[in-house]
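Letters are used for the chains, namely A, B and C, taken in the order the chains are written, and counting of residues starts over at 1 for each.
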Amino acid sequence: MWFILVCMSMRVKTEQFTVATSGKGTYEITDKVEAIVRESEVKSGVATVFTQHTSCSLIVMENADPTARRDLEEFFDRLVPENADYFEHDAEGADDMPSHIRMVLTRTSETVPIADGRMQLGTWQGIFLFEHRRAPHRRKIMVTIMGE
Amino acid sequence: MWFILVCMSMRVKTEQFTVATSGKGTYEITDKVEAIVRESEVKSGVATVFTQHTSCSLIVMENADPTARRDLEEFFDRLVPENADYFEHDAEGADDMPSHIRMVLTRTSETVPIADGRMQLGTWQGIFLFEHRRAPHRRKIMVTIMGE
Amino acid sequence: MWFILVCMSMRVKTEQFTVATSGKGTYEITDKVEAIVRESEVKSGVATVFTQHTSCSLIVMENADPTARRDLEEFFDRLVPENADYFEHDAEGADDMPSHIRMVLTRTSETVPIADGRMQLGTWQGIFLFEHRRAPHRRKIMVTIMGE
């Protein structure tokens, strides 16, 4: 009986959810990821969050003061302006190429440790989907939990 | 017999391959990583891709339209210009220090979920080695597959 | 007996340590992470390093020449200047908002492969805590080792 418990201790669980975005900005997904961690019953391991797109991305960011996220969004709008004269890739509009660059400058995957059955985020850390397109989109997020 | 199957379900596999680059630019490695995932026979888990260098990096990027990658490369050439007057670290040439900064702004590791025995990349996502040096290099990529 | 060996091969270990920083800059943590890998006795797998803060981050960087890190720090001071006139989030001072942006542009988690019981960093790669605040801080780093 003890053998079985040991054997089954390490496991993998993958879940997917969708975020409906309404244009450029940051959308918190911490609670959705935490719920998947809780349901997995994994006590110790890691949660890998992954976005399956090339025009939105993931960030871990300050989750208390909304002005921090507004300033971040303004920074990215200035760092990667929509109408750079050298952009050739603009079939989907002025926000097309900047969205790919903003994605490359942030993250497609983020891995967060799990201990005591919970993600070990710091006090002010939240996980956010960073939408880079002006139009509303439905974004798919995959969460893979590995551990015991 | 059933016990043995459960016991052996979680596993780790590490493989390495080399990419020969011919100067600054993006080199797709999706097929090479996917082949390692397939050979591992892991059905559910994650693939971690890692580059063992400080002057190239990894990105997930739009893989359909080559102009998107050209615009991305142009953006990085402008964001991190080669001849910043304050650079002290230039022993290996004008592209030496910019290559480290471009690496820090992108990624050394990327983790992609595996489900149904395949990497769960989105429709337009490809994994690319981003070479930041002008001269040709041989770049080592490690892929670690974990799962069941 | 053979069953038990197979069963127990995959495991997870989580450790935490603190880095005392003395202002903006890069602080190498490679040796501390390597020691945790060694103590875990995991021979093959991955080490995930995670920082539990929103005003410092992690980078993999050239670890031989200190001028490379000084140039990197100068680049970030110029890319994300302290007194952008549009910043609203400045309750903790001029370095408050830039610290969040610099964190988003670098990394919160980094995953490094383990083979032969050692992290597979390249010759010149070091793992660094990148402190973005002027004042000294105590920064928590979590390391999760998974493998066999």
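Here is the rule we use: a residue touches a chain if its C-beta (ideal position, glycine included) is under 8 Å from a C-beta of that chain, and two chains touch if they have at least 3 such contacts.
Because the structure is predicted, anything quoted here is derived from the model rather than measured.
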| item | value |
| --- | --- |
| Superposing rotation of subunit A relative to subunit C, computed on C-alpha atoms, to nearest 5° | 120 |
| Interface numbering overlap (same over half, different under half) for subunit B and subunit C | different |
| Mean-CA-position distance for subunit C and subunit B (Å) | 19 |
| Residues of subunit B engaged with two or more neighbouring chains | 3, 7, 10, 79, 105, 107, 111, 146 |
| Subunit C partner contacts - residues on subunit A that touch it in the complex | 3, 6-7, 10, 44-46, 59-62, 65, 67-68, 70-72, 74-75, 79, 105-107, 110-113, 115, 120-125, 146-148 |
| Sites on subunit A touched by subunit B in the complex | 3-4, 7-8, 10-12, 14, 48, 50-54, 79-80, 84, 86-89, 91, 97, 100-101, 103-105, 107-109, 111, 140, 142, 144, 146 |
